[in-house]
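The same chain A turns up in both complexes below, where it pairs with chain B and then with chain C.
Coming up: the complex of A and B.
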């Protein structure tokens, strides 16, 4: 008996120590998330149920869903939500279509410049959104480099309207989001054995069939991660639509910012923020369910 | 099933010749093994037959049809990969059915063929499982079933047994061979394991540095190796460096005079199989022993292998010989440091000129 007790003693103590270490490791991140994310969300949600008195630009304590009703009944706001969803879906689809071949090549290359290739994909992210947008304004503006050159050469009479259009915003967000898509896909494709593709070929599958029957289902985790990431980033894009879209173009994130800062309408700003979050979440979950059911078929 | 012909096949990567001018003809139903050390070009050759690598020169014909420029999905060659390459997201049934679906067979026929093929590899009842729920040996059999199900013209095996443990390997070896014979499959297997090669093949091809060194039966390779490489790679040989002074007379660099079966003269190397060497406490030669050579030496090392015992004997400062003797009752087993005699018939040695 004594022997077993002695033998077990230190083991139990060690276990307890491990538990404490794990807790100690988890705590900082948990506390940080609680303070930095959950608390503001809870408070913001409470604000979104308050009333706003426009005359005095003041928030009044209340419990009402008037702000939410206001958003969904005014076509001005629903149009902005629709534009945002439409652009995010389009951007995500384009990123997937453009990103997959690139990710495949990067994942499969035997080149010793592979790391350089990955860095060059991430490189655009080193430039902040605002800096990039400002640069684009210089190059693509009506009096920018491209238009000035073309007009100077007499090739065109009127400047190409690139800046301050929806197209500019879409291209801008794609440029920002593509690296996230490529990296998500590349890491998963790298884990797919090349010989699995060869096995499909040897069994009589042409490349397109091989892609849909083998590569696509096996890359699905990366496709999901990439699309979720890209979609969320696009839904919440702020700097790109603000700077490249111009004053008349509206997406959700700039709208929220505007409500908070220009209108100082915190309750309505809070409501829009929650609408954006919920719509993003619902669409993401729905898309995942559809894609996964497809794959299971 | 069909005859497979490889004609002057070569593959070059920049300055590196992976395969140089390989020509082989594999008869309908024959089991051919490509044997060689890693990097000898055997896998590249197999992958060119499968269509994964485009040859720099040469042709591949299956059943008389030139398939050199056909992509792999149009070749009807069943391939078993070293790591099996099963589709991890598909069940065993779906894996085996894949090739049949590509051939657009009716559903009922596919189900029947899948069932038959799985029965053939003794995996009936495992159809609903995913590959990761199977043992290594079972996965290997699924890979084989998947390749067999399409009724391939040729079966290509790329080191199919190297990921199995030693005991399983011996079983699967026999199994694959029996299946292949029963189905009359034209088969090419690549391996670096000579025991595997010797037990399975109808005919062997020894390759090194992208070249075919020798093609022949087990006995051809073992008893009549074409060059020093084959003599050293297939089975074991002791090599004595020296000079062929006259037909039948070889002198080692250590100064030993040895009777041999070679013709001509000049720098050469003499190879002797360890199991053909006799050992004794005093001279083992003589008129009635059949041993043309009997040389004194000192035992340097004895390695006990159970049924066999290896005895390493120093004959001269630069000549060392290995004798392998059967561990029988009354066998003469010398100890390290003991002076003994070794002997072998001239016909047991081979001379390779340099």
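Coming up: the complex of A and C.
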């Protein structure tokens, strides 16, 4: 999941009229994305500074940071933010630990079924979160696979409560994000020359040492890309907490949707959207700095 | 001898860990597929028997058929617009040097990293403003939905076409031009065939992204115009049964086929 092609495109000699051609090719897409993506974000930010009159369910034009203050001073909302951050960190850590072996095996395999392996990792990504949530509902339900099996074996008397708990949400989000982590790691591990691993082994390094001293530092760009992507996706998860967490379980993305559609409080919804984006960005940058400082040592 | 055994044990441990992760990823798809073939309507285990009737039951519920048709139409149109805008942009980014080249190309990739819910809310308020300012219907219209989906398709097209353009040898195009071909003929006969894998992959990935999009679409659909993922979400909020599982299986099959076709053109390992 790298965009090296854009960062290091081939250097092309400058010719006459080239600027014009480039502008003609690039302008339509740029203008479209600017209008359809940047302008909406600007308007949403402007809305987040407006006031909301609950009695009339109406937005009143203003320039105030009251919506942001409301969020950070009400424990109801800060708890939701904290839950979201906590789940996102946990999910990211588990994805890294579970994803690395699979990424390594996929990167190093010589099997002719490698493409099938990759398709089976990519397919769930595109099938959509609702469908995968449906799968977990079959597994976790009171008469679902896990409870029916455990009760059938006589291990438990009454069904485990898994559905509509935080556990179900975490298990669901990990499954949603694992493919992103595996693909990010796999693309970087594939670029690491196998002989550096063998060199470490032939110099007598045990596997653990080889991993920490050779593989981990070399795979760091992929680890960073994968953890950042996984973290962002977990912070913004919508369908999984909505379907597996039930109506009482709250994370940030469902909260935004709720403020927008149920409460029709656009200013507050906009503020929460920007709080979510900012917190995600800050935590990502912080983690980036810490990991890179560690690696530089 | 011991060294060999130890190495083999390590290999088994590694493959075992990889298999567990792959199993974890595929678990929800396996169970939803299993449920689609249950005979009874309640998802209880063990199943009382197996049946194919739920696949026919999909057709009795027009909302699934309608949702599928809406998702398909939006996906096809948005992919068409995404290609028309994205392929030239990718050509410009790889083949030309100009001011703000890197920031502009990052702008085109930005829709991939803006969270779906934020994208949806932002587009929603934008449409509210556009409707006020232009005095035409924008909110919840078909074309606004297509425009939103085009935004999320463009980054896939740019990324995949860029990747395939980098591998194209420039000297072949120069040879064509030396032999008298004009810019258009050179593009049509040389460049386009060379980047076709990237275009096919971009189109398929873009289409599949659009087809499965839920978060952004939630804000953009209008009355009587709902896409399949939203129909599925609303159904699941209410109940889970073999009918919705059958809908999911059809979706899994179609996307699986699309992936296999893409894989014939470009190795998936290289593009995702």
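Assume the second predicted complex is superposed on the first by the 257 of 297 C-alpha atoms of A that agree within 3 Å, B and C clash if a C-alpha of one lies under 4 Å from a C-alpha of the other, contacts with A are read in each partner's own complex, and residues count from 1 in each chain.
By definition in this document, a contact is a pair of C-beta atoms (placed from the backbone, for glycine too) under 8 Å apart; a residue touches a chain by one contact, two chains touch by 3 or more.
No experiment lies behind these values; they were computed from the predicted model shown.
> Comparing chain B against chain C, which has contacts with more of the residues in chain A?
The partner that reaches more residues of chain A in the superposed model: C.
> Once the structures are superposed on A, label A:249 by its partner contacts, choosing first (chain B), second (chain C), both or neither.
neither
> Return first, second, both or neither, reflecting whether A:199 touches chain B, chain C, both chains, or no partner chain.
A:199 sits against chain B, while chain C stays out of touch.
> With both complexes superposed on chain A, which partner does A:211 reach: first (chain B), second (chain C), both or neither?
Once the two structures are laid over each other on A, A:211 reaches no partner at all.
> With the two structures laid over each other on chain A, which partner does A:135 touch: chain B (first), chain C (second), both, or neither?
The answer is second: A:135 touches chain C but not chain B.
> Taking the superposition as given, does A:160 touch the first partner, chain B, the second, chain C, both, or neither?
neither
> Which part of chain B faces chain A closely enough to touch in the complex?
50-52, 71-79, 81-83, 85-89, 98-99, 102-103, 146-147, 150, 156
> What does chain A use to touch chain C in their complex?
On the chain A side, the touching residues are 1, 3, 5-7, 9-12, 14, 18-19, 21-26, 28-30, 32-34, 36-41, 43-44, 47, 98-99, 101-102, 104-106, 114-115, 117-124, 126-139, 141, 143-145, 148-149, 152, 172, 174-175, 178-179, 182-183, 186-187, 190, 207, 232, 235-236, 238-239, 242-243, 253, 256-257, 260-261, 266, 269-270, 273, 276-277, 280.
> Could you please specify the touching residues of chain C with respect to chain A in the complex?
10, 14-15, 17-18, 20-22, 24-32, 34-35, 42-46, 84-86, 88-89, 91-98, 102, 104-111, 113-119, 121-126, 129, 147-148, 150-151, 154, 158-159, 162-163, 165-166, 170, 208-209, 212, 214-215, 218-219, 229, 232-233, 236-237, 240, 244-245, 248, 251-252, 255-256, 259-260, 263, 267-269, 272
> Quick check: in the complex, which residue numbers of chain A touch chain B?
193, 195-196, 198-206, 209, 213-214, 217-218, 295
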